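Going by the order they are written in, the chains are A, B and C; count residues from 1 in each one.
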């Protein structure tokens, strides 16, 4: 624009932890969505002669107790978990972020009302809330999604508000206002650069807890119900066969472990 | 006179090189020793080295002789047995150095109980006696969070020497303290000296050094450049740096009063302002007329409402009573403010250049003005690529000046603009501020706790009373 | 302190409101023939008739307008009239009372066990940040936190129950039945609390007051016991409050896995059978248990931290 442009972004140096987390996540994403490109067997199709068949050269993942392809079931379950988790995280992030900034900026009644609302959601442990919502309309992934989003937005709201409040009260914002800058500038230059790194952290933790919650509900058979492939319900189904087919039980465990591990590495240790 | 502590050839080195050149000095019983230096002079590292408290990554050499005992500075662990027993270390910012969850008397009693091996009850009694002797008898049952800065300073002093230490090392004992509390700290340290102990004070505060008296050394770039009797050195400095340092003291500035010019161009009129805070009236009936190009100083004790007055004039704070009127037809952005703590006045995560560039775009300013102005402000162009935390306080304050001067201000409120800066930087900054404001015919209201600075800089002075009355006087 | 008590009371009221509202919605949305089905479950298929189904509908306030229904629903809740189980017909309050004892036993065992494992190891690691203990603890905690609680439980069952045959994996007859479920919960709690303790210890040992303790002349042990322990305990205990979320969640999963007859198990069963009064009772009691545990944390903080008493 002019000869005076200093808006060069600074290179962000991401720690090795985060990079390795992203690498694992990418690999899992590729694994989950590859069947959509290459084609895969139907995860619900039962072939009794293949029951509990161990992995072999032709099929790397083997078959479950009903002779269903573990590869097809694993990837389908992974797509379900990833999709539901990322949808919930995004749904929770937008209102959480906006309400957090609004409450910090306006204070007063708005702040008290929204903070009161977030306290209401914190009164009950998250999984209990999700559990009850899924009980209202059973066997419905939409309820799971609504419940998880309702639990997750609170964290975004609280942290955004806590970060934004001191920033908005700092001399820097007052100085910018005196210099003639408007609210859009203050959000873009003062708030966003401080809040953005935190969004990734909360997002990764939120996705991890969403995935854990989906699996936990599947495991106690009240979430996504069989025969739909889901990591938690696959484990409870395969538990009785752990001696004959340990490979089958270990597969969903390994997938969920890698997934949550990757998200934790991305989130880094310091949870704000 | 008996030497209590002797330092021989103390050095500090980091992986990249030597930070403190060999320093030798002797602390005498009953005589204070003060080392004066600015930020980065290595004075604090020197103090940490002789206490055996250097941060990881730095190594020391040389030796310290205390009471006939020779300690190798290269072996910090050997210092520990002396801590609290012979050497008492007065912490910086004592309100942070006291355990926030423990009652004050018990923290003082620790020294009596664990080092002097008194019974628990006797230790508590001794601690109570210490606190009484220091005039803070009532503090014992309190938690550190409930103490004022001055009280915390005395409690920390009592705790530091409860183990029987006769040599006190105080690193920046006035840091973060109100100027009015400085005299109390000096009295505290001098009491120890009069009792036959030794006190080594490390400071950047010229007035503190002057008042302590005794032995005196000036540290610059890791070496002691001048050493001797405090009165002698301060009245007749021989080294260039010492001369420069003393000249930078506002007491010694040249009067820079410019004859008051035309008095018709009023930029701001305030009438009958009143403000209360926390149920206490700060000022009332305060009026003020500011003319173009006029430099006005505001002084008063801390908490007297100096800054509130400036914020009211800028419309950042609502007065309880009274009115502020600006000159007609002047854009609001031409009323500006310079802040006390420069890093907190810039968006922290974008480069200074991006910030200046945003301002240029917003107001469609002439880009060609920036380079010459930066040159005037002695700011190198490459600093624009840095974040606010990556330049010095003085540089950042000059950038703050650049930012407001680009908007051709008619009124500038400078709120303690140099209280976080070193002496020499302070002088430079104030000089530039005044010079450029005069050139642009901008009125300036400077708030400072430093009466000398105001008197040497301003055309007139407003004193805000501390008793809450309307003692404002327009000179 | 009074403020803390009031806010916990408010939280308890919120829990009741939320649970009431959700369970009412659940009852309201039960499909039309559900009253009939429930009646059949209660009286047997041979005996069920329209009158019995209507009785069930009335019991659930399904025969009134939504708003009046909700009013009655909350009125019953205030009187602590939780109704009778739709499946067994027994009063919910009796069943809950029985289950609560088991859940409390499991929760207390899990908390105590986690406090024995997590904070001491964390503090030791925090005294030497970057040391071998710190690094290996970090590795183990990261791995444990990446596993859902039920997988940890599965692992323990497979190792101690099925392979080594040392411990029983289901049931509740004697003490040894408690070990595996309590250990499962404790491990996942300790995986977090040891990190909290470690970070707190690192922060405290870098605090100026810790350094001042040393330069006052105190020995390392004296500094730790005088200035370290209490200051580290404050964030650990405060964090316990946050951990209770995962404890309550864990109870649901772990009780189901180990067939432990607690509230979590009852809740899952009730949800499975759509036993609305039982869901309400179980969720209410679990929510209130969460509030009570948090109140306990408030009290502990109050006892440890003199700043709270002074304020």
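Definition applied: a contact is a pair of C-beta atoms (placed from the backbone, for glycine too) under 8 Å apart; a residue touches a chain by one contact, two chains touch by 3 or more.
Remember, it's a predicted structure, so these values are computed and weren't measured experimentally.
**Q** With chain centres defined as mean CA positions, report which chain is farthest from subunit C.
**A** B
**Q** May I ask which two chains are joined by the most contacting C-beta pairs?
**A** After counting contacts between each pair of chains, the winner is A-C.
**Q** How many angstrom lie between the centres of subunit B and subunit C, each centre taken as the mean Cα position?
**A** Centre-to-centre distance between subunit B and subunit C: 52 Å.
**Q** On a C-alpha centroid basis, what's the spacing between subunit A and subunit C, in Å?
**A** 22
**Q** Go ahead and note the Å separation of the Cα centroids belonging to subunit A and subunit B.
**A** 48
**Q** Which of the residues in subunit B end up touching subunit A in this complex?
**A** Touch residues, subunit B against subunit A: 314, 316, 332-333, 335-337, 339, 341, 344-363, 367, 370, 384-385, 387, 400, 403-404, 407.
**Q** Quick one: in the complex, what on subunit B touches subunit C?
**A** Touch residues, subunit B against subunit C: 51, 53, 80, 83-85, 88-89, 91-93, 96-103, 110-111, 114-115, 142-143, 145-146, 156, 159-160, 162-163, 165.
**Q** Show which residues of subunit C lie in contact with subunit A when the two form their complex.
**A** These residues of subunit C touch subunit A: 11, 14-15, 17-19, 22-23, 25-26, 29, 142-143, 145-151, 154, 158, 162, 195, 244-246, 248-249, 252-253, 256-257, 267-268, 271-272, 274, 279, 283, 286-287, 290-291.
**Q** In the complex of these two chains, what residues of subunit C are touching subunit B?
**A** 207-209, 211-219, 222, 226-227, 230-231, 234, 304-307, 310
**Q** If we count contacts the way the header does, which residues on subunit A are in touch with subunit B in the complex?
**A** These residues of subunit A touch subunit B: 1-8, 10, 170-172, 174-176, 178-181, 185, 189-190, 193-194.
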